[in-house]
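Worksheet: the structure to be examined is printed underneath.
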Amino acid sequence: MTTPTASVAPAKPPGPEGLRPEGPLPTVTQAAVPFIEIETLRAREFLPAAREALTSLIAEQGQTKVIRPVFNWAGRNSLFPLHWGLACCAIEFAAAFGGRWDAERFGVVPRSSPRQCDLMIVNGTVTWKVAHKLITLYEQMPEPKWVIAMGNCATGGGPFRTAYSVVPGVDKLVPVDVYIAGCPPRPEAMLDGILKLEQLIRERKE
Amino acid sequence: MSEMWINMGPQHPMTHGLWNLRVKIDGEMILDVDPEMGYLHRGIEKISEDRHYNEVITLMDRCCYVAGFAWEHLYIQSAEQALGLRPPERAEYLRVLCDEFQRIASHLMWYAAFVQDIGLMSPFLYGMRDRDLVLDLFQSYTGARMTYEYMRVGGVRNDVPPGFTDQARKVLDWLSDRFVEYDQLCLGSTIFRERCDDLGTLKANDCVAHGVTGPMLRAAGLKRDLRKDRPYAAYDRLEFDVAVADSADVTARYLVRMEEMRQSVRILRQVVDWLDRHPGPVLAERLPRWLGAPYAPIGNEGYLLKRHYAKGVGFSAVEEPHGEAQAYVVNDGGEHPYRVKFRSPVFANISAARQYLVGYHVADIPPIMGSVDVCVGEVDR
Amino acid sequence: MASPITAKEKPSENPILFVARPMATAARQFAKSLIRPATIVYPYERLEDPTFRDRVAVASGRPIGVGHVWDNYRGVHALNIATCISCNLCAFSCPDLCIEMVTVPGGDPKHPKKCPEIDYGKCSYCGFCSDACPEGCLTMTTRYELSVARRAEMVYSPEKLYDVFRTKLPMNPIRVERPANEDAILLDPPLCIGCNACSRDCPTQCITMLDIPKPAAKPGEKQTKRIWKEPVINDSDCVRCGTCISVCPKECLFWGTRK
Amino acid sequence: MASATLYSVSDGLASALLHALGSVLPGPARAAVTNPNVIVGLAVLIFAVILLAASMLNTILLIWWERKLLGRFMDRRGAMHVGFAGLLQNFADGLKLFRKNTFQPQEADPLGFYTGPCAYMVTSLIIFGVLPISSGWNAGTLPLTLLLALAIFSFAPLFIFVSAWSSNNKYSLMGGMRSAAQMIAYEVPILLAVVAVILVAGSFNLTTIVYEQQNYWFWGPLVVALIVFVAGMLAEMERIPFDLPEAEAELVEGWNTEYGGMLFAFFMLADYLRALVGSILVVLLFLGGWTMPTWVPGALTSFPLAGIFWFMVKTYTVFGLFVWVRASLPRVRTDQLLRVGWNRMIPLSLLSIFLAAVLVTVKCLPLLGCVPGVGS
Amino acid sequence: MQPDDIARQLAPKLGDGLLSVEPFPGTAGRVRFRSERALELFRAVRDDLHFGHLSMVGAIDWVDHREVFYVAWSDAATQYLFLSTDVPASAAHVESASSVWPSANWHEREAWEMVDVTFDNHPDLRHLLMPDGYAFHPLLRSFKLHEPEELEVKSRHV
């Protein structure tokens, strides 16, 4: 898996608190501080740990020369995204599974249960109210798993990023592998993002 | 099994968006429901107070993402009232064109989601396929499939390209043929009728008391359609009927929506013919450039506004695909709207959920909520 | 207000043999799509490819590509750096504040050339910027594929936008016409101190400083130290960017209708 | 090849292997290795492995077949980029699920959570041992193969309910309960419909039932039983219109909501194994098994493995019918499903028994050979 | 229905509770009333003027006071009616309309959480769009949005 993003500042948790300057805030803008205490890094800490364990295991055993490409082939050709719709991009997400673009051609079949998914396509605005649930859903997905931030709202809050209730980018909550720009992206652009992710899975080394 | 509460949502195939239906069940029977909204609350009304009048349009498209044009139209009407402007006639017809095609697209989206809810698999794809044709038309003159940014205060951005009307006629012909197939797939099936008849009944007086509007209200037999009752844009110059059904159940809502699509096709044929015959400007002439052209100036905006526009308020309503949407725009003379308040039809339709869900089975929730046609974007705003 | 009731409880279809009718419809659809389903095989077939559209739409009679006018599509921007006059209008018009003016080589030290840098992680593709561009150098193209693995790659520098321009993708041809009698920038002469700031910063060089007669000093009044020059704005060259208003130290320029 | 049965093939293979092994071993070990009991044991093992491989391969092909057919019904293409025409798609799915993280929900009961899917998978696989795919491809001449097959087939609700209960999820639980209710309700009409077949064929042995159809297939005279059987099978396989336990719209994924990775793959595979078994049973009981009508040219029926070929053609066509139903019908509701099961299907199946009895009594069965020219 | 008609029909019932009826764009008129007499007005509007359908309830923060407005619709007259009342910002409360029009329920919940106007005798006054326990009222003028600069991608050119 690639390193999530450049926007992640590793020294400081890039959660809601990390967005603000140091020091006490003026009383008026206090209201705009996101109000939910989110343990932003739960999933984020879990991933590197799991990756480290896996890498050391592989290094000890040294057997994956042959198996890895096979599993990478399987993994990239059968990405099951989570079936959920957040906002506008969900409609284009649905259109991509409609007859004209037919994402099933690539083996992409949406599943309703996070337990059966490998891919979370965050297709819309993430609000602080749904942030908990998003992290829960992400943690319910079994490894290996990927996240695609589809559209500008998931990438960085989009037109609503100044609003009091919107998470400015889903990479504040879960690690993101591929960003798709667009507002909303065309279904083709979404398929392009999935192909890009397949490329990343093909190239991954761990 | 004793009584228990289950959460349907926010990630649930039934919701078609982000909301949570808390259901109290006893076995398979529904005892109580409590819709929980706000998972997609983006503060559109607050952001609007921070934007210029034309810049709010970008939010309107994303407010209700299946009926962007209707909400653009709604906001633009109110803003024009608040600023005291009037669009040229061709712009009015173009707005009707947008609205009615949007109604078809929205109802097709509803059809796709609704049949998926009752387990029909292929019509979902037929609906999406035919909706894409309408979106192709939108793209050909606005440049986008869903978020159009097409209407402007005082008119619309640009005229339709040459050859558009012919293509529109082709699509309308194709769609009228498909509506027959849709009916065959749904109404022609005994299972569909068994599933949907006498389901989710909400009688007319309950509809009125709980503020339910749109196809749900018309399915209860009340002939109320703002396009007829308080015609806006060019609707008073167009012929169409209001689709009404009697039985107030899921089948009736299906019938009303299908009939509305047929009526929209009828309206669109007239509009397309009119557009062919009457070329003209699409943007009001003497517009100060920061309203006419879509960009914000710097410096002295306050001066400009005070010079051109006094304070004012705008209140208008349009018949959105989901029902009756209203917008209230307060112009206090500043460069941004002082307050923008929207009334979402689905907001009221969902708030009456207890009236039409309690007493049915858990398996009935998807068809009933599907027949309500939930668009969470406009509920939460 | 009375209109005929159209969708009474008389459905247009009724079941035949329980489920025979929907199954027949599905079978008909199956037979049709055996020849050519509505699917476009995306990475290999593209809707914006006109030959593909003609081939499929005409040859198979399927509803693919009907109604496509792709030139209008609002995708990634193309920037012609050569004709950009650094007027800032795109950045001012952006409702999402995704455009930042950054310095590019080519300007003189006093007037650094600034061109838009667009962050596609914020851009909502509304087209306000290309509508606002007075020189037509910032347009939108039909490119829509923009998926990156790193957030920072979404920021398109002017050079990158110029690369898009050089690919000769179809550009969005729709231009918003200017109103005939547009508001202009007017001068409030008594306030002007003739500082030349507006003329210096005007991106189109449409402001010239003309000498004005120095009034005779009234008795008892102290002579002001102003420079006796006054800006004259050439309305036909002016793009109404408002730079002069923003740089004016005395706020003596304002919007208005020229008589 | 018609004489080469699957068992004789595996027996020959086993004895050849063991004799080859024995020839290089010293005397006493040779005698131990070439002991007939050992040979039989190995032959059974090889037999089982071949059956397993064949049934799994067929199941995966069946999934591919469904995806492609469903795609065309929906005016799209279905999986097409992985392997030729998407043939490798399901292998990719399986491999991926195999390598996914295995986990267990916090509140789940581990015993039921793990044994449920395994038992579901195993019972679905066992049925293939008794299904005669062709004249030679069966596990021998057990007298009651039909009853055995149906008995194993009806184990499933138990394991579904166990896994649904153990995963400690409300949706799973509701799905499991619906599944149990539905399968029990439809077990009865299926068995009653089968009674009609048994009456006409005079045997509980599937091979005998197929040979009884050499002159005329049973679907003509027993059309009522066929309808009941197919409807019941749709319910047993939990396919639309009777896929309530997995009703995606209300119960997220039904009883396998909490399952992921390989356990979910077990459910998926077992579902399609059962679908395959259902289609095979329809072919065996009503469509003449591997036999073909006499008007079909001999060249088409006498090539090697022709029986298996035609059997598979019939099976996949029957499954295509199920896919057609899935593509065009909505889902029914639980109470409607049960009402149809108890109030319509059982009377219908009793009627079919009555009709079969009448037909047998008046001995007019050959006259009713249904497909034109089927009667020899 | 003209503003004068409305005033004539409402005046006997409300007396000094009715402040004025003035023309308002898109509606039959705007009825301004005293917030203490709200319930009587709602009943009169629903029963006497036959505005049976309440479309919208909202509130505006005018900094010194808050305005609560209601939009009602009459099927007979096919017209909207705009009702509005001013409440002081220090004691912003008004009688709930949900006993007269059940549809007011959710609208009042929203108005309460957004503009901080309390509706007395509301059956279920809790948060609708924001999560429980959210302490602010976003549509008040004193509530400021994020500045866009705070949300910039930090390592923009990495």
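Labels A, B, C, D and E are assigned to the chains in the order they are written; within every chain, residues are numbered from 1.
Just so we're on the same page, a residue touches a chain if its C-beta (ideal position, glycine included) is under 8 Å from a C-beta of that chain, and two chains touch if they have at least 3 such contacts.
From a predicted model like this one, the values you see are computed outputs, not experimental measurements.
**Q** Taking a step as a move to a touching chain, how many steps at least join chain D to chain E?
**A** So the least number of steps between the two chains is 2.
**Q** Relative to chain C, which chain has the most distant C-alpha mean position?
**A** D
**Q** Looking only at C-beta pair counts, which chain-chain interface has the most contacts?
**A** Going pair by pair, the biggest contact count turns up for B-C.
**Q** Could you work out how far the Cα centre of chain C sits from that of chain E, in whole Å?
**A** That pair's centroid distance is 38 Å.
**Q** How many angstrom between the C-alpha centroids of chain B and chain A?
**A** 30
**Q** CA centre of chain B versus CA centre of chain D: separation in Å?
**A** 48
**Q** Identify all positions of chain A at which a residue touches two or more other chains, and write them in rising order.
**A** Each of 6-7, 98-100, 102, 105, 112, 129, 156-159, 161-165, 183, 186 in chain A touches at least two other chains.
**Q** Can you pull out the residues of chain B that are in contact with at least two other chains?
**A** Counting only residues that touch two or more other chains, chain B contributes 12-13, 38, 41, 43, 46-47, 50, 58, 62, 122, 124-126, 129, 147, 185-186, 189, 191-192, 229.
**Q** Two or more other chains touching the same residue: where does that happen in chain E?
**A** Counting only residues that touch two or more other chains, chain E contributes 78, 129-131, 138, 143, 145, 148, 153, 155, 158.
**Q** Residue numbers of chain C touching chain D in their complex, please.
**A** 19, 22-23, 25-27, 29-30, 32-34, 37-39, 41
**Q** Touching residues of chain B toward chain C in the complex: what are they?
**A** 51-52, 54-55, 57-58, 62, 122, 126, 129-130, 133, 136-137, 139-144, 147, 149, 157-158, 161, 163-164, 167-168, 170-171, 174, 180-181, 183-193, 223, 228-229, 241-247, 251-252, 255-256, 258-259, 263, 285-289, 292-300, 303-304, 307
**Q** Looking at the complex, which residues from chain B come into contact with chain D?
**A** On the chain B side, the touching residues are 1, 4, 6, 8, 12-14, 28, 115-122, 124-126, 129, 185-186, 189, 191-192, 194-195, 361-366.
**Q** Give every residue of chain D touching chain A within the complex, in rising order.
**A** 67, 71, 74-82, 86, 88-89, 91-103, 248, 252-253, 256-261, 264
**Q** Inside the complex, what are the residues of chain B that reach chain A?
**A** Going by the criterion above, the answer is residues 10-13, 16-18, 38-44, 46-47, 50, 58-59, 61-62, 65-66, 109, 112, 124-126, 128-129, 131-132, 145-147, 376-377.
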